[in-house]
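The same chain A turns up in both complexes below, where it pairs with chain B and then with chain C.
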Partner chain A sequence: MTCGPSRWSGPDTVSYVLKRLGQTVLTAFLTILTVFVLLRLAPGDPAYNYAPPNPSTEQLEAIRKQFGLDQPLLQQFWTFLSNLFHGDVGTSFQFKQPALQVVMDRLPYTITLAIAAIVVTTIIAVPLGVWMARRNNTAPELGANIATIAGQSMPDFWIGFVLLIIFAVNLSWFQPSGFATWGELVLPTATIAILQIALISRLVRREMVANLAAPYITVARSRGVPERDLTWKYAFANSAIPVVTALGTRFAAMLNGVVIVEVVFKWPGVGALVVDALQRRDFPLIQATVLVTVILALVVQLAVDLVYPILDPRVRLGEASS
Partner chain B sequence: MTTATAQSTDIPGTVVTPARLRRSAAARRHRYSRIKMWLGAVCAGVVIIPVLLAQVLPLQDPVNGSLAQALLPPMTDGHLFGTDANGRDLLSRVLHGGQTSLLIGCLAVLVSGAIGIVAGSLAGYYGGWIDTVVSRLLEAQMSLPLLLMLLLVVALFGPSILVITLVIAIAQWPEPARITRSLVLVEREKPYVAAARVLGLHRLTIIGRLIIPNILQQALVVVFLLLAQAVLLESALSFLGAGVQRPYPTWGGIISDGRQLFITGQWWLVTIPGLVIALLVIGVNLFGDGLRDRVRRTKAAS
Partner chain C sequence: MNLLKVNDLRVDLMTTGGIVEAVRGVSFHIDRGETVTIIGESGSGKSTTAMAILRLLPDDLAVRAGEAQIAGQDVLGPRTVINKLRGREVALIPQDPMTALNPVFTIGRQMVEAIRIKDRKLGRAAAQKRAIELMDAVHIRNPEQQLKAYPHQLSGGMLQRVLIAMAVSTDADLIVADEPTLALDVTVQAGILDLLLEMQERRGVGILLITHDLGVARLMSDRVYVMNRGEFVEGGDVIEIVERPEQAYTQRLLAAIPELGPWEDPALTGGAA
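Right, the complex of A and B next:
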């Protein structure tokens, strides 16, 4: 099997990557613009959240001045943009330190959780989906099918609480919250994985059913290719691209913060951070979180696209897709 | 070993018997989709019917409880689901709160389905700049951190039923729009559309009177499945504190209220409302999935 950079060589790929990076910058800019405007339009004055109880008008005024909220909206946005070019996203209202630093401190926790969840999902969902496709329209498959529908129908906070009640409260196997040892990773990962396994395994099944019914499988079977090879080397190889795309999209979405799971398990990631920042109207922190996570998610999507030529030699990046 | 080989050994020299017909792949598929639809209807009905009848059923007051009866476990003192920290009957709260949850879900799905089908069919039929605008909007929305944006908008406009309904509808319109667009792209090339064009019908007439009726069945299945997502999204929002507060909390709100108490052993305040949500959503998803199998087959057969 030939592999490696040769698949990506050529001016097409370079210009493709550059184009995609340009789109990433544009999307990130539009997102941050939307968030910036929405935050300033919202009723309620953030100064109240950071003033002593029963503040005087002067105190509030001083806080607004300190945060730069006394400036006109356009002026604020201009300051924000010019600071951004110098790598400064502003100072968090509540932590009194650079917002980017606060986000970066929390990011490893979210990434850890996202990687653990996507690995568990892949290990379980792919074989499960292939098995369902091979046993399509049998009674065991109907059972698995209904189970996966149930898996994608349960609210994730509810799964989290049920796991906590069973394994943390009643059995005391795990600490109920936070992140002190690796053991605490188990329950949040399981909570995310249940939903993701249900979604991904159904996708794998759908793709595999279509590919297993294709004429090339019949031809290969008549040539005497073993069933195992038909499944994995023929049908699965052709199902890989949509499956990898879905896994990549899911992973990218998790980097935006697995908000609910982080809140349920009091996990110190960016999802819980941003909910907290939203309640306290910590504008710079919200902006920094959105900026970092959106860029990260877009980069992951680009990386997934770069894997396509390895999975399918027919794919040439930069050419118009059908 | 596989079904394919098992069948091929059966076929030569055998007569098609009713028993064999019942075991055939097509008959099994039909039976399984019916099992899914029945199971789904039962699961959803167990939740929906009592919720709709909440005003008629002999329930305790969902708003005022007696503190003497606070935190009773399920099945005590006539409280089937137990009581909450304020001594209010949980069953009554779940059923009354469910009316708000269901109302928001149904309205959101109607709005998102209407927007999605209209935008999708216009984009699919006209192409050109309309298609470009709609497709770019769909892509842009996919790259946004959705839940965060929803929380932001609810924080901005306040957690009223109208705002939450619209927010969920906006979150959901891409799905029906994408499906409708791809269905219309196929339908547009069919001879009857060309015939209508030759007859001089207006393009909006062709879309509204001819194309949409032909794709509506498939599009509505997708819209129906969105109901499950809408209920989940609504409960997630109210769990995070961005839910309707008055007059009764929605399902997510009840869970959010009870989540501080499960550590001390009051498990029912969290698990029971969650079970109700799960049952409804499983029911809707199962029914919709069975329906989709069936629609796809009748379409393929015609």
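Right, the complex of A and C next:
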């Protein structure tokens, strides 16, 4: 792009980012409020999860008191908020250490997996989608089309098990679980990427087919612009916004933990952690996970929005995008 | 050698209901400095004829038979021939200037690209300078500034001037103008047509003009072909056709032009309308 950063300089951008950050805080607050209330409305008593077998009423009472669950709901929320204000998200029931610390310890694993998956997805899905658009209605394109439909139809836990059986059990190329060496990143990444490649390549194909039929392509072709430039500088440059939006949304979702894939591959990430915390009714840990992942997701969305004016000069920050 | 020579061109339209003959054997030629107009209502096949010559037909249209030569080269054979001619020997001025430029790049970037397709050895700075000269030639004020603008920041008339400048930048001897004023305000139309005539006078290009507007045809053309249902029903000198149409279809086309009669305001004369 010829004039990148200048498109979002000036006071408009500053006030836009501040406004968006304010929205982020509000969204995070409402999400955490909802989760806080829902957790306590749900049937079941966390005290049982942390009491010895056949607990007495006194033992249960003591645990509730220890966790602060004996207080009225409003009181509990107020305590939570005032602690949050001081950077304390609470102490995990099961790990007996700050919940935020537990989440932060797991977060790098999830971020690593998410980045690996989104990079692999982009590198494969974009050229694949562009190729399918250029070869639209030909036999090879039909084959790719069927393959991507299959890719988006297979459930991820099933793909995970198939990959495990072939590459870890039968071929012994990779360790089946955990994250000790970089090699273990391959199978979980592939499991996530297969579905994402199928979805994103079909989106790229659809956008490209529409843009390749646009009048400005015909007019540029009449000027003798080479086909490769028509594909990338014309059609793809105009397809970029929906593609980047989709990639951003997918990436944000992956940061929330790729629950099933993390469980299948025993990946020590946030997704596996939140499943564990839910089973053990570890309220502070669940709240900390939600808080961190919501903020991450919102920051990624903000980053995507800030890229729009670079991709398309018609987009102005703060206005509804076309 | 004619600039453009078309002989018995036939184009088929593939539909789910079968094949429709969109162009049914048209023949004509254009020489240097000449404007030849194909006039007809929408769906008559006039734009299809032009696009077939440029090999820019959409997938559902295909040339079935006939010959077309630009500068003596057969453009209906291998695609490499027309690929070499586009942007060098032949240029297109499109129907709707508002959708004819890449929305995400500046006018300047697209003009420089067009200039450098014609002249690969030209450096960026030199191409930029040439772009400013061309913008000047099509009477665009503040060309330096306009080159930095994006297509959505310019009006339709302005964009059509840019597109004419781009067509001129190719030094093409043949310009295909496909309803060049269709999408423009009436007040802007005259300016664009004047500009086309000026460019023709200055450079002696041949123009293939596609229009449904008899007024435009009369102003611009040396020869005119009246097209209906994929065929030329009548053709010849523009004055002849307008003053002494032989075919019933042409007569009806002429009769369809609204005329300014005497103005009688019922409010003034007191009578009911």
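By our rule, the second predicted complex is superposed on the first by the 314 of 322 C-alpha atoms of A that agree within 3 Å, B and C clash if a C-alpha of one lies under 4 Å from a C-alpha of the other, contacts with A are read in each partner's own complex, and residues count from 1 in each chain.
Methods note: a residue touches a chain if its C-beta (ideal position, glycine included) is under 8 Å from a C-beta of that chain, and two chains touch if they have at least 3 such contacts.
What you are looking at is a predicted structure, and each value in this text was computed from that prediction instead of being measured.
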{"item": "First (chain B), second (chain C), both or neither touched by A:A220", "value": "second"}
{"item": "Which of chain B and chain C A:T138 touches, first, second, both or neither", "value": "first"}
{"item": "Chain B versus chain C as contact partner of A:Y234, first or second or both or neither", "value": "second"}
{"item": "Chain touching more of chain A, residue-wise (chain B, chain C)", "value": "B"}
{"item": "Partner chain(s) touched by A:K65 [first = chain B, second = chain C, both, neither]", "value": "neither"}
{"item": "First, second, both or neither for A:D312, with chain B first and chain C second", "value": "second"}
{"item": "Footprint overlap on chain A, where chain B in one structure and chain C in the other make contact", "value": "137"}
{"item": "Chain B residues touching chain A - in the complex, by the definition given at the top", "value": "1-3, 25, 28-29, 32, 35-36, 39, 140, 143-145, 147-149, 151-153, 155-156, 158, 228, 232, 235-236, 239-241, 252, 255, 259, 262-263, 265, 267, 270-271, 274-275, 277-278, 281-282, 284-286, 289"}
{"item": "Chain B contact footprint on chain A (complex, rising order)", "value": "27, 30-31, 34-35, 38-39, 41-43, 134, 136-138, 142, 145-146, 149-150, 152-158, 161-162, 164-165, 169, 176, 227, 256-257, 259-260, 263-264, 274-275, 278-279, 290, 293-294, 297-298, 301"}
{"item": "In the complex with chain A, residue positions of chain C that touch it", "value": "54, 56, 58-59, 83, 86-88, 90-92, 94-96, 99-106, 109-110, 113-114, 117-118, 150, 152, 163, 166, 170, 176"}
{"item": "Chain A residues within the chain C interface of the complex", "value": "2, 137, 213-216, 218-225, 229, 233-234, 237-238, 311-314"}
